[in-house]
Every structure is written in structure tokens, then in C-alpha cells.
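Here chain A shows up in two complexes: once beside chain B, once beside chain C.
Right after this comes the complex of A and B.
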């Protein structure tokens, strides 16, 4: 029986606590008597018969007819699936998407449906490389569909292949992939790593155009998204997406949503110390930690990065449900929270976060400084329900090397964003008004997004907006161990050590602040009372 | 020139002398032994007595238990990883697909026993499937081999048991003894490769599946993994004098369990259909094969119904589509334009 998550009050006997530092780790001593560490629940057991569970979900959907009853010869069927941003790290083969899509195709073949298109729901993310598509879908699906042009990636800038479904009462235009819009049935295959994903967000962002996304991916909306991972009614982003979802339901194609949840068994056996509580480390864990950290210090950054991005995670499916989008998503959310929720009493003055080597926007790529901000303030800060872990005006301390390093193939517009926009302003609202249009409509970025493997020109803005609420909420943000000029460019304060960071933070929160440390990995959502 | 010839003749004479001396020395040593009688030699048989029948130790009675003990397993591990893998790579150059379908079985602790049921065209099939299957299964694997072919002499039987961990079974009628022994092996965690066709294809097309795999699965509850092997027939098919190196493809299918109330015959038909669909998948792609399977239109492994030269003709066309056809493609030669 896996143990639930818990909050550990740091005392004299508490060993130093593990922090991510990009492509390495460190152990940090937290002040005694006023610090607490929030440990995630242990991974839930995976479903034993995954293929059986998938088949059962397809034949027994929620608020929807069984899938075979929705299929008929001569129909137009579109299957869309989540892109490479999920799950993290990439899971061992066979990927959940492959299993689900193969099971769907079995039923589709039995129904005599020929017109089937499979679309990677990228939104404005980068196109997936062939090896990534093969990893997500398996060689069988790739080899059968890609050469015939029946497997491809969504293009949010291909205006000939986008269509408007309708407009919300707030004036938001829902414009999605034409093939999906014209289909008799759209099946969406989702992986829900965090509670923010899934539901109506799947299609209304994954298959949407820039015009559609620009309604809710704004600095103002994200500043007003007070609960990205928790209650939807406190998230301006989700409210907008749910309005668009209503338009899709009323005026769009028939949908069949398949959502799955994963456990948090994220790292293979050789990194087992990552998932353990420090006082439970065995001699082997300690030796592994020392070997890994010392070894990594001797390696060049590129080699370290490659090593970490090559990790294939053993995490597995804990639930799969299918049917009507809203009904399915509620069950999914319950499952996600069952795995990730940890009750926590009250807020603290300081929140400490170790930033890992990967975020949803740099799989197999570089964690550039903009993504460090996005990961820290956009994702990890938001891993709460009800209230943030840190009080308003408190300090957020992150650990990451924050290199001034970019992947020019995946993140070309990030480079210019860092050099041009961040030197002008770090305010998400101001940069949205002043700079966003220029980047979004830049022909070169558009070309790289459509034909290469680049994120859309506007994507660095969206990554920055993701941290807008955290940026607004925190009185100061400190990065320990980061490249000082780069950290300052982000609008944050650099510190060499954790003690220095606490010293710097004392200007804002006094000499004896209370501290919360979010022990990631694995994933957890702090349910702050 | 003549001096050289004289010298070589002298050398040959010397060699002949040495040979003669060795031969006479050997005869001197052996002479006393030749003169020794019973009990050093076999007893003479008196006329008129009826001898009790000798216990048969060949064929399905060949004892292979020693081949599953630690020393033989260690030796086999070396053989499998070394010469066998090199031989398979050189002769058959395999491409493997569908191993991900075994993921769930591999995740189980302890590893469950599995019955692999491939089609069968060649003696290359067994080393090929052994070398491409996941190591976890290979460590504890028995091959069901025709008792009348692999165990008809002591030397062949010993070599088959050592190198392949072959276990003798009758092709036509599985005796109670070998069936019970196979069940016992499966129950103790040994996986099994059994060719449901019963033997190599006589004409290059497949044969009807016999029910051995389905029967054992029904009795033991372990899954059957259908496997399709393409290309070995034209490398070393039945009747070929020597192997002709080429390319092969091995496609593993999803494990199949007998359903509630499903008899051996029906389960056997399902296994055959699964291998047939994998054959289609190997020659076309996953989606085409699934659609054909749903419509019952996967090309049969047994080939066309007619029985004449057209069957052989169709076989040649069929092979062109598969891995065997790749070898025959001409390398393009670009004209030399100076």
C-alpha cells in the first residue's frame, strides 16, 4: 500500500533535503524549527491489465454510447493525441497513446471505417520529430499511417485548414483544425499528468489556431488564474477554455474523449534516491547520489543534458476513462488528486523549489532561462489547491544553473525574446501589448514553426505569461546557483548558496521566516487549508 | 628442378615410414585388448534364447533433463550469445517488430511462462527466434522439436538438447508422456517454442495449425504469443542443400489467452488467425492488416487453394513482397558520364 504524502517539520535530526539543480542535484540544510518539507504521495499501483482496461473504457464510456456504436462505414474519423510535452520524462515504450490508439483502431477496423486521420494536437508547440512520433504511437501505427499522409501534425497557421466553429458570449472565437471540425467523430487521446490538462483544454488548445489561443493566453488572464492546478472556478484560463468547450459541444463535431492518468513512478531504479525521503536512503542510495552528482560535475553540460533526456520513465497508467468530455474529466481529476494531493496547513514566508532539467516545453532540448521562469513560477509555484504555499509578498527561492543557453532549432524566438523583450520589460501585460503581435506574426518564426521543429514565435510570451501569477504574487524571486547576469535579466535576484538566499530574503520576510520546500519529484499538489 | 623433386620424394618416404611405425605400434598395443573377451567385451548371444526388448532411449524417449540443469544452461547461454547469434546475424539478418506487445508480460514478477507459436519454414527458425526474443524468456526456454528428426541418433539428440534445449515431441500424435512433461515444464516456469504447423513447410507455403499450443495453453493457463517469421524459407527451406544468406523479419503478436468455454480447436483457430494477421502486417502494415483481419481477408498462410504450378508461381510473387524479395532487388548502377 503506497504511503500518502506528508508534511515534515524540519528538526535537528532532519538530514539535508534534496534539491534539483537542472541537470544535477544538491542537498540543502533547511533552518530548524521553522521549515517544512512537503513530500509527495508514493506512486499508486498501476492497472494490472492495461489493454483490458482500455478496451473496457471504450466499450463502457461515461455519458456516451460505446465506441463501436459511434462508428459506421464511410464515416470521417479523426483521432487526435497529446504531443511530446506529456508525459515527463517520456515513458518507457509502449507509450499509453500507442496502446489506446491501437485499441481504438482495432474497433475502427472492425467497423469498416477507412477514412481515418491521426493528428498530433500540438497547439503552438513544436512539431514532433519522427523518433518522437514513433515513441508516442509505436512503429506499427507510424508505418501504417504516416506514409499515406493519414498521420500528421496540427498546423495552427495553416489558414486553409482551419475553420471557425463559433463564438462565446465573451467574444472568444473558437477556430480549430478543419479536418477535425468536418469529421463525423473526433476521438481525443489524452494523458493527464497534472490537473491543469485534459477536459475541454485538449481540443480547444491542441487543435486550435493562434487567433483562438490568443483570447485566453494573455498576461491578464494568467494573472487572474489563481488556481491553475486546483479549482477551475478560480482559474480565468480554464473559465475561458470551458466557454470555448461549450461552443465546441454545441456546434462542433461529435467528440469521444479518452483520458488516462499516470502514477508518479517517474525515475528508473538507478535514480531511486530521487523518489525517497532522505532519511530512508540506504547505503546504496547514498553511494548512487554521490556517484551521480560527482560524475555529473565532471561531465560537460551537453553530456549531462543528453543523459537526463534519455531517461525513460517507468510510470504507468492508474486509470483510463472514455466518453463525454466533462463527465470523463471529472473522473480523471479525482484520479489525479488521489495520486498527487497532500493536505498542508497554512502558508509560509518562503517557498523553495528545485528546478529540474525538463519542463513541458523542452523535451529533448535545452531548459533555457525563460523556461526556468516558466517551470518555477508557472508550474511548480502553481502546484497548489485553495491558496499558494507562500504568502502574498513572500519570497520564492529556486535552485537552477540558469545558463544563457538556447536550442536554436526548437526555441528560435526565445533567443530574441530574451535579448529584445526582457531587456525592455518583464511585465507580462506590458510585453503583451508592446511586443506580442510582432513575434506572433513574424514570417520567419511562422516558417520555422510550420516546416521545422520550432515553437511558434509567440510561445516565449506564453511561457512567460504562465508565471504571471507567481511573479505578481511573490515579493522577491531568488535563483540559487544561476548565472548572475542571466538571472538579473529575468528580473530575479541571484544567490550563490542557499544561506545567501535566506540572507537576501530577510530584506523582505525578516530574519526568522517560515519556509516550505516542495519536494519534487515526483508530482504533488499541496492542498493548502 | 630435378633436385627439388628428389628432395620432396625423400620427404614423402620419411612420412610414410613414420606412419608405418605408428600403425604397427598401435596394433601392438591393441592386440591384447582384441584378445580379451567377456566381461571386457559384449557377451555373445546364445542361440534359441529370446532377448528382452531393449529400452528405447531415442526419439520421444530421449532424456533431456540434463539439458535444463545449470552447467548445460551456462553452456547454452554462451552458445546462444556467441556463435548462434553471429550465425543468425550472418545468415538471416533479422528485423524484429512487436516486442513492445510483450511489455506487460515482462513487467510481471515472477516472469510468467509463455508459449511462443511461430510459423515454420526452415531450420533457421529456431536459432532465429531464440536470438531475437527478450533475454528474460530466453533464459528459461524449451523448444518442442520433432522426436523423429532431432532425436533419432544420440549425437543429434545431445547436440539439439544442449544448443537449443530441444525437447522431443511426436509430430502427429503427442504422447501422454511428452504432453505431461511439457505441462510440468510450463508449470515450473519454462517458456516453450512450439511450431503449430508440426514441421517445416514442404512447399514454401504454410500448413494448417495443429492444436498442441492451444491444448497446452488451455491446460496450463499460460498465454500463447503468436509469432510470424518471414524470409527463412528462401534462406534454408526444406530441400535446400545449403543456406543462402538473406534478410528476415520476425513479428511478435499480442499474447492470447483461452477464453471462458473456448475449446482447443477454437483457440487454435484464433492462434492461426493471429499469426496470419501478423503475416499480413509483416508484408503490408498494421492498419491494412487490422482492416483485413476484421473483414476476414488476411492472405492465408497456407497459400492459394489450387494445387498446380500456379501455387509455386504465386509463392514466388508472395516472396517478392516480403523480406526474401529484398535480396533480389538489383543495386542501381548509375551510368558513368565521364
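Right after this comes the complex of A and C.
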């Protein structure tokens, strides 16, 4: 039986705590008597018969007819699936998406449906490489559909293949992929790693246009998204998306949502120490830690990066449900919280976060400085329900090398954003007004997004907006171990060591602040009372 | 009373070239430049005047000469031994005039009559009799045996070469007038569209200032300046650059500003006007990389022997155009701009003539040492 997550109060017997530092780790001693470490629950057991569970979900959907009843010869069917940003790290083959889509295609074939298109719902993310598509869908699906042009990637800039479904009562235009809009049925295959995803967000972002996304992907909206991972009613982003979802439901194609959840068994055996609580480390774990960290220090960063991105995670499915989007998503959320929720009492003055090598926007790529901000303030800071772990005006301390390094293929506009926009302003609202349009409409970025493997020109803005609430909430943000000029460019304060960071933080929170450390990995949502 | 003299000594010249290539500025200590007692030069004609230099700047062409890296092209345009120094503010002996020297030696100064076609139209920098006349060959004052140069306590000048310095202008400001006149001349080709200035040394900064002075009424595109050192970046911003970036960052900025696409390393669009104030193979090659099809690369920094891949020039019908010196009226504009932008502050350090190796070493590494203009100070003997 997996142990639930819990809050450990740091005392004199507490060993140093593990922090991510990009493509490496460190052990940090937290102050005794006023620090606490929030440990995630242990991984839930995976479903034993995954294929059986998928088939059961398709045949017994929630608030929806069984899938075979929705299929008929001559129909136009579109299957959309979550892109490479999920799951992290990538899972061992076979990927859940492959299993679900193969099960769907069995039923589709049995129903005599020929007109089937499979679309990677990547929104404004980068196009997936062939090896990534093969990994997500399996060779059989790829080889059957891709050569015939029936497996492709959504293009949010292909205006001939976008269509307007309708407009919300707030004036938000829902514009999505034309093929999906014109289909008799759209099946969406989702993976829910975090509670933010899934539900109406799947299609209204994954298959949407820039015009559609620009309604809610703004600095103002994200500043007013006070609960990205918790309660939807406190998230301006989700409220907008749910309004768009209503338009989709009322005026769009028939939908069949398939959502699945994963456990948090994220790292293979050679990294077993990552998932353990430090006082439970065996001599072998300590030796492994030492060997790994020393070895990593000797490797060039590119080699380290490759090593981490090559990891194939053993995490596995804990639930799968299908049917009507809202009904399915509520079950999904319950399952995500069952895996990730940890009750925590009250806020602290400081929140410490170890920033890993990967975020949803740099699979197989570089964790550039903008993504460090996004991962820290956009994702990890937001891993709470009710209220943030750190009090308003408190200090967030992150550990990451924050090198000034970018992948020019995946993140071309990020480089210009870092050099051009961040030298002008770090205010998400100001940059949105002053700079966003130029990047969104830049013909070169558009070309690279449409034909290469680049994130859309506007994407660094979205990554920055993601951290808008955290940026506004925190009195100071410190990065330990980061390249100092780069850290300053982000608007943060560099520190060499954790002790230095606490000293710097004392200007804001005094000499005896209370401290929370979010122990990642794995994923957890702090339910702060 | 002394002067610095550059003599024709092949062995020392070779030593300077070796030392200067290894470490810019080191040519001063091993080369043919030496400190010698002042010598009274004969007046080329009665109308010539004797000057007592107050300040004399060290410019890039001086450094190239001292380090032996200047092109052999100049050999017939120079007469040895000569006293360098063409950025000069000086007193006119026997008068209370304080003047800036226009160092270009044109037909009038050479006593050539009738004057050539270029000089007749005021284009003294394009003089067609540059190595002839009643004075020894010399591209400018500071490269001519007959006239002497500013790195001394006495030199000669033709009255047509003198520009009076207003009383309220400091010597430091006045010594910036000659390089500013070069910049004024360069800025006359400014189009108001996207413009790149490569290099933020003295010439780059002054060209930027000259462009800024006219830009308010002409500007439609940003001025992007490449700078290497923090002080250069700060000054470029102060003097009106819209964007200041490193050379590595330049293609990205130009691409973004001009909505360009990219093939290989080449932008498909680019800036219509690129002003190269460095003059190296690297800077010129980058100029060709970021200049727009049909655009112009203006070479303001003195180039030497460079190696260039010119296929893009052919394919994109771009032009490389030299930009040498100035016309006489450019000095009037320069005086005004030196005052307007308070450019005397760019004189970072002055040295006496006897400390010439230190002075030249400082000038050769001015950017790295947070300096812009280094000058010799002859005001106290």
C-alpha cells in the first residue's frame, strides 16, 4: 500500500534534502525548527490490465453512448491527442496514447469507418519529430496513417484549415482546426499529468488558433489565475476555457473525451534515490547519489542533458475514463488529486524549489532561462490548492544553473525574447501590450513553427505569463547557482549558496523565516489550509 | 620640447608589425616611433603658420601605423620621417587663436594651381593631386614630413586648414572635432531606414551621435549598434542607439527589426545601410550578412588587408562604399555636435609625449579599459 504524502518538520536529525539543479542535484541543509519538507505520496499502483481498462472505458463511457454506437460507415472521424509536452519524462513504450488509439482504431475498423484523421493537438507548441510521433503512437499507427497524410500535426497558422465555432458571452472567439470542426465525431486522447490539463482545455487549446488562445493566454489572465492546479473557479484561465468549452459543446462537433491519469513512478531504478525520502536512503542510495552527482559534474552539459532526456519513465496508468468531457474530467481530477494531494497547514515565509532539467516546453531540448522562470513560478509555485505555500510578499528560492543557453531549432523566438523583451521589461502585462504582436506575427517565426520544429513566435510570452501570478505574489525571487547576469535579466536575484539565499531573503522576511520545501520529484499538489 | 617621429626603419617596422599583431599597441615600444627633440620645420610657403599643439588624439589609423599593420597602399602617400597626429587642437603662434586642424592636404595646401576638379567642388578628401605639389607626399597632416604632426610641440598648417575654436569649448571637446567631422561625413548617407553601426569605438559612437542629430526628422527604422564592452554599450544608449547588442546578437536583431527570413546564415532582408566602423574581415563579412539586398555597406573604419566571401555581394547586389574624411563644412557641423552631445567627456585619458608607449597601449585597448579617446597633452611642456 503506497504511503500518502506528508509534511516533515525539519529537526536536528533531518538529513540534507535533495534539490534538483537542472541536470544535476544537490543536498541542502534546511534551518532546524522552522523548515518543513512536503513529500509527495508514493506512486499509486498501476492498473494491471491496461488494455482491458481502456476497452472498458470505451464501451462504458460517462454520460455518453459507447464508442461503437457513435461510429458508422462513411462518417468523418478525427482523433486528436496530447503532444510531446506530456508526460514528463517520456514514458516507456508503449505510450498510453498508443494503447488508447490502437484500441479506438480496432473499434473504428470494426465499424467500417475509413475517413480517419489523427492530429497531434499541439496548439502553439513545436511540431513533434518523427521519432517522437513514433514513440507516442507506435510504429504501427504511424506507418499506417502518416504516409497517407492521415496523421499530421495541428497548424494554428493554417488559416485555410481553421474555422470559427462561435463566440462566448465574453466575446472570446472559438477558432479551431477545420477538420475537427467538420467531423462527425472528435475523439480526444488525453494524458493528465497535472490537474491544470484536460477537460475543455484539451481541444480549445490543443486544436485552437493564436487568435483563440490570445483571449486567455495573457498577462492579466494569468495574474488573475489564483489557482492553476486547484479550484477552477479561482482560475481566470480556466473560466475562460470553460466558456469556450460551452461554445464547443453547443455549436461544435460531437466529442468523445478519453482521459487517463498516471502514477508518479517517474524515474528508473538507477535514479531510485530521487523518489525516496532522504532519511530512508540506504548506503547504496548514498553511493548512487555521490556517483551520479560527481559523474554528472565531470560531463559537459550537453552530455548531461542527453542523458536525462533519454530517460524513459516507468510511470504507468492509474485510471482511464471516457465519455462526455465534463463528466470525464471530474473523475480524472479526483484521480489526479488522489495521487498528488498532500494536506499542508498554513503558509510560510519562504518556498524553496529545485528546478529540474525539463519542463513541458523543453522535452529533448534546453531548459533555457525563460523556461526556468516558467517552471519555477508557473508550474511548481502553482502546485497548490486553496492558497500558495508561500505567503504573499514572501520569498521564492529556486536552485538551477540558469545558463544562457537556448535551442535555436525549438526556441528561436525565446532567444530574441530574452535579448529584446526582457531587457525592456519583465512585466507580463507591459510586454504583452508592447511586444507580443510583433512576435506573434513575425513571418520567420511563423515559418519555423509551421515547417520546422519551433515553438510559435509568441510562445515565450506564454511561458512568461505562466509565471505571472507567482511573480506578482512573491516579494523576491532568488536563484541559487544560476549564472548571475542571466538571473538578473529575469528580474531575479542570484545567490551562490542556499545560505546566501537565506541571507538575501532576510531583507524581505527577516532573520527567522519559516520555510517550505516542495520535494520534487515527484509531482504533488499542496492542499494548503 | 620634443616630438614623436616615425622613421623609415625596415627592421624596426618588422618588429612593430610582429609585436603589434601579437599585442595591439606594442609596436610603440619596438617600432620606428621615437621621441626626439623638436626641430623647427621650414615653412612650405610664406602663408603657412606655425602651431603649438595643445591636445592631439590617437586614432585607429595612428595605431595601425605604429603597429605596422597599415596597408602598403599608403607607402607612396607618406613621407618619412613624419610626426603623427592629425586630431589636433592647437594655438597659432604669434596670435591668440585656438584652432582645430583640418588635416586633409588638398590642392590649396599643396600650392597646386589650378586646383583639381574635386578640390574645386570642395571635395578635398577626394583630392586628385594627393601626393604632389610643393610639400612632401602626405595623405594628411600627421603623415607628411613637411607639415609635422600633432604629437609634438610645433607643427605647420596652411591657413585653409584652420577652424577657430569658440572660447567656451574646452580643449578636450575641441580635440573631438576632427573625428566628429569624419562621423558627420559618414552620417550624410543615413537614409532614416534601418541602420546598423558595427563597432562602438570612437568612430562608431560619433557616427551614432551624428545620425541621432539628424534622425528626429528622418527616422523610420531603428539604429542598431554593436558594442563589446559595458561602457561602450552605455555610451551608445546615451547617444541615441535604439538597440545595442553584441556582434553575436546582431543578426537576430536585424532579422527581427526587418521582418527577415533566413537561409543558412544569411538574412533574406536586412538593413539598407550598414556602417562598418571597425574595418576588419569579420566586421565586413558580418556587414554583408545583415545588409539588405541592394543595400550599402559603408566602410568608415580604416580597413587593411581583408579576406571576404563576396558571393552574397554579387547575388544580392549590395555595395561596399568607402567613407574617408570630410569636407571643410563638416567641421562646422562637428563643432556644433561636439557641444550638443558634450563629447569632450569621451576623452578618457591624456598622456605627455614622453609616456607615449603607455598612451598608445591605452589607446589600443581603450574599449576593454573603459576608455574611448586617448590623447597627448602638450599644454605643460
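Here, the second predicted complex is superposed on the first by the 529 of 529 C-alpha atoms of A that agree within 3 Å, B and C clash if a C-alpha of one lies under 4 Å from a C-alpha of the other, contacts with A are read in each partner's own complex, and residues count from 1 in each chain.
As a working rule, a contact is a pair of C-beta atoms (placed from the backbone, for glycine too) under 8 Å apart; a residue touches a chain by one contact, two chains touch by 3 or more.
Just so it is clear, the structure is predicted and the values come from calculations on it, not from any experiment.
Colleague: Looking at the combined model built on chain A, do chain B and chain C fit side by side or clash?
Modeller: Pair status: fit.
Colleague: With the two complexes superposed on chain A, say which partner A:431 touches: chain B (first), chain C (second), both, or neither.
Modeller: neither
Colleague: Could you look at A:124 and tell me whether it touches chain B, chain C, both or neither (first, second, both, neither)?
Modeller: neither
Colleague: Comparing chain C with chain B, which touches more residues belonging to chain A?
Modeller: Between chain B and chain C, B touches the greater number of residues in chain A.
Colleague: In the combined three-chain arrangement, what's the angle at chain A toward chain B and chain C (CA centres, steps of 10°)?
Modeller: That angle rounds to 110 degrees.
Colleague: Touching A:140, do we find chain B (first), chain C (second), both, or neither?
Modeller: In the superposed model, A:140 contacts chain B only, not chain C.
Colleague: With both complexes overlaid on chain A, does A:77 touch chain B (first), chain C (second), both or neither?
Modeller: neither
Colleague: With both complexes overlaid on chain A, does A:317 touch chain B (first), chain C (second), both or neither?
Modeller: Touch partners of A:317: none, neither chain B nor chain C.
Colleague: Looking at the overlay, what does A:181 touch: chain B (first), chain C (second), both, or neither?
Modeller: The answer is neither, since A:181 touches no partner chain.
Colleague: Please work out whether A:328 is in contact with chain B alone, chain C alone, both, or neither, and reply first, second, both or neither.
Modeller: After superposing on A, A:328 lies clear of both chain B and chain C.
Colleague: In the overlay, answer first, second, both or neither for which of chain B and chain C A:247 touches.
Modeller: neither
Colleague: Upon superposition of the two complexes, what minimum C-alpha distance (Å) separates chain B from chain C?
Modeller: Minimum over all C-alpha pairs of chain B and chain C: 29 Å.
Colleague: Give me the intersection of chain A's contacts with chain B and its contacts with chain C, in residue numbers.
Modeller: None.
Colleague: Quick one: which bits of chain C touch chain A in the complex? Just the residue numbers, please.
Modeller: It comes out as residues 243, 245, 249, 252-253, 255-256, 259-262.
Colleague: For chain A, which residues are in contact with chain B within the complex?
Modeller: Counting only chain A, the residues touching chain B are 49-51, 92-94, 98, 102, 105-106, 109-112, 114, 116, 138-141, 143-145.
Colleague: What does chain B use to touch chain A in their complex?
Modeller: My answer: residues 97-98, 100-101, 103-104, 254, 281, 285-288, 290-291, 293-295.
Colleague: If we count contacts the way the header does, which residues on chain A are in touch with chain C in the complex?
Modeller: Checking each residue of chain A against chain C gives 415-416, 419-420, 438, 442-444, 447.
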